[in-house]
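You will see two complexes here that share subunit A, one where it goes with subunit B and one where it goes with subunit C.
Here is the complex of A and B:
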């Protein structure tokens, strides 16, 4: 069996075991469950950002936009009595449907221009959501039907769903990286003009990558909405939903399959430590720590470890 | 080598908090997640000032009385960065890791609602000092108690008073910040107006952070309202008032919530603040004789003034009241156990500096009557309830 096949099977088996076992192991530790759920959601966002930002080399800040959209689509549908599974699917579809035209248009821009344009998507959606208060409740926010039951049951359920979604997203990343699409994205990242020269349909592949990355982000938003039970535009369209996954991937290793896993774990751990120990400068403290880490391990933790191993 | 040192340091930092989890058992611990950073930071600071004043008062009294002895009080703060999920996480952490005996809820209805399930799950009483929406309390929870009455208790007495003073009024304009509390208040104001046969000729929202209201106000002027209601916070309301004057928009009655309750409002507007009517859950002009640690309302106002050199507003008073209420309940229960404290809170019926405290079946405060007031000669004058009224309603604005 190839090393790729082994890695894919390892991800699936370990992920599957985690989904089945962790909720049982952590049963008496609701706080740890919450942290692992947080980690899983961040991992979903990080792994999906990696498809656009890592494989393709387009620094997207639109992750938060799809996250918020997914949260609202799922919350509104659930309020109308739609089953939660269908709501998750609908959220993913909504993300993909929005990503197609946006990606097709915005991915013509490169570098900083693309980053700024993608950042605007979240702002626009936030304004629309706030303004359309008949449907979304506007600034009053939305309460998700079904939340507010036994918190322990909800916690273990949210943990399972988010972990499963995280495993699927990491596998999706692997599948893309090893496919023809991934090869094309590689070419685009290295030199888009040259890629077009050898017949890579850059516009089409980039859009595919953007769509594939938006779907898990939107589903993550839907899972989040059901988990927290209350959403409002400032919460779910927060720019931090776009920034945190990027930082996590940078910490773990850009463009690698397991980088988002390592990075999200480090990020959640750091965030937790700083937040507990520093009262009013936690965001600043976290920023300083991250800058230090990036200076020490510029390519991310995973590539740095690998290169050290090959050197010695 | 350097790299290894940094990594070791980080690893040590990771392990440290897990080891240091020592807690004194002979003290009262209260968990208070606050938005100390982010957009809600001003409100978070207000809440904190109320708590701190209460703790100071308890300390100078020699501690928190429980079962015949006095124990020190410690409020464990946690900054949730104005983000609801972090507020919920903070509550979870405070209960399961810091083992707090009680929680003071995060700011506002949304975050209070989201985090109340934590209190319910672990049977830790939670007092919400800044959550008014009915939806927070109708979840069937037993451990959640709130010190704000539902929003219509602000709009109904206002509408009554205005209709009595100017029965000829027919046309109302409603303008609101697109945010949880102002929107909820505006929705109630609309109901109160429609109920009295008034015609709502203008009903619009403005985005959070708006500075220019000219186009909306021009539209409002052409609708020719006799009564204008604006919902928002101090900064919004000062801007709206100033721009109304610039545009020559002069309704007979101008009502604004929740800015005029703050001292900053009259300071910023001077003459333009005259005759603006408002309502709040509490006001420094109210007079109650409490059995709580602060006793008379005047006493509380004085102590607050001495500590912070400013008059307390309803958020600060409500936060301090949360502490005072907990104290009254603990005196009754004689125990810091969650269920005992909860039962004592549920059956509490006492007067405090903040007003009469008794919680209904949903946990929301019942007998408190929010005062209606109007800015007259640069000072807020209480007009209702009649028992504490200081003046009469005046028509017209400058």
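Here is the complex of A and C:
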């Protein structure tokens, strides 16, 4: 069997075991359950960012926009009595449907222009959400009724759904990287002009990557909304939802399949260990982590380990 | 007549935006990095003006002479010893790096000064000037004039002084400038220092009119970016034009669409601009 096949099966088996086992092992440990749910949601965002930011090489800051959109679509639908499963699917669809025209437009830009245009998407959605208060509750936010039940049941439920979503997103990343699409994205990252020269339809492939990346992000927002039970625009459209996944992928290794997993785990561990002790400086702490990371370990943990192994 | 007043208000606001955008545009054009910390640097300038007024009674427009050199020094050191180490990295890395710097600076200011809004009061006459039916608040007029004045000062510095010519040379062609004996690292440090100094100056001018809080920084960054793209990258005069235009667009947007959608109006204008004329109104194509 090829090494790719083994890796894919390993991800599926370990992921499946984690989805089945962790909720049982962690039952009665609300703190650890919260931690693993946070990790899974961050992993979903990191692995989906990696499709655009890592495989394609476009520095997107739009993750938070799709996360927020997904959260609001699911919350509004659930408030209208729609089943949660349907709400998750609708959130993913909404993300993809928004990503198609937006991606087609902003992916024509490159470098800084693309980065900031993608950042603007979240700002615009946040302002529109705040303004359209009849539907969204405006700045007052929305409460999701599902949270009214037993907190323990809800926590276990959120844990299982987010874990499953994380495993699926990592597998999606692997499937893309190993497909013709992934090969095209590789070409685009290395030299887009040359890629066009050998017949890669860059505009179409980039847009596909952008759409595929937006769907898990939006579903993650929907899971988050159901888990937390209350959302408002400043929370779910926070730029941190765009930046934390990038930092996690930079920690683990950009453009690799397992980089997001390693990076998200390290990130959540650091966030808990270090910043719990200095809550008032948590954002500044993240800043220190970013600056140190980029100065000391610019390639991320996984590639640094690999290159050390090959050198020795 | 109401329309004329709204446009006038926009121009007064735009004068301040021009000062904010000029430094941001210079750094982007010369170093090819977007300084996400620019908004927080503006707020830092505002705090310099606020505390100089609070404890020494200094007029915020004069605090420019304090905040400018202070932030220039900070920017020079930051660039020379920190940012220089990632300057050649891809866009993603430099963006996330300056984002990290912004988090540190902003969080430090919140820790030291809290997020409360602070306002300088009683410095300027509160009775506005009248020209026919048009009203002109004295503080806004002075601050806008100072903002445009300082931006023009930067423009002439770049085009007349020796160091300024070296900065322009590095912007045009780094390698050739290096061959001519220009020390690029020093030019980078000076440019970043000038960028932060402009932010500090803009902060002082803003503090003369608006309340100061670290919470403003994201909005200021947004302004600098949009004004910079509107005017065209790498041109100080372009940034001035972009700032004035953005001020007018925001004021008209507030009138016709509603003040709560100000950022969206500016963002939509920006996106249209990026798609149709990415080099800006006065800029040249080629910078990315």
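Basically, the second predicted complex is superposed on the first by the 308 of 312 C-alpha atoms of A that agree within 3 Å, B and C clash if a C-alpha of one lies under 4 Å from a C-alpha of the other, contacts with A are read in each partner's own complex, and residues count from 1 in each chain.
Simple rule for what comes next: a residue touches a chain if its C-beta (ideal position, glycine included) is under 8 Å from a C-beta of that chain, and two chains touch if they have at least 3 such contacts.
Not measured: the values here are computed from a predicted model.
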For A:229 in the superposed arrangement: first (subunit B), second (subunit C), both or neither? first
Request  = Could you tell me if A:127 is touching subunit B, subunit C, both of them or neither one (first, second, both, neither)?
outcome  = both
For A:291, is the partner it touches subunit B (first), subunit C (second), both, or none of the two (neither)? second
- First (subunit B), second (subunit C), both or neither touched by A:117: second
With the two complexes superposed on chain A, say which partner A:283 touches: subunit B (first), subunit C (second), both, or neither. both
State whether A:238 touches subunit B only (first), subunit C only (second), both chains, or neither.
-> first
Checklist entry - Looking at the overlay, does A:53 come into contact with subunit B only (first), subunit C only (second), both, or neither? => result second
Can A:246 be said to touch subunit B (first), subunit C (second), both, or neither?
-> second
- What is the contact status of A:203 with respect to subunit B (first) and subunit C (second): first, second, both, or neither? neither
After superposition on chain A, the subunit A residues reached by both subunit B and subunit C are 127, 130-131, 280, 282-283, 289
Listed in rising order, the residues of subunit A that touch subunit B in the complex are 29-31, 34, 38, 127, 130-131, 133, 138-141, 143, 147-148, 150-152, 154, 224, 228-232, 234-235, 238, 240, 269-270, 273, 275-277, 279-280, 282-283, 289, 292-293, 296-297
Subunit A contacts subunit C in the complex at 53, 57, 59, 105-106, 108-113, 115-117, 120, 123-124, 127-128, 130-131, 239, 243, 246-247, 250, 254, 280-291, 294-295, 298
In the complex, the residues of subunit C that touch subunit A are 28, 34, 82, 85-86, 89-93, 95-97, 99-108, 111, 218, 222, 225, 229, 258, 260-261, 263-264, 267-268, 270-271, 274-275, 278, 288
As the complex stands, subunit B meets subunit A at residues 2-3, 6-7, 10, 13-14, 16-17, 36-37, 39, 77-79, 81-86, 88-89, 92-93, 96-97, 110-111, 113-114, 117-118, 120-121, 135, 139, 177-180, 182-184, 205, 207-208
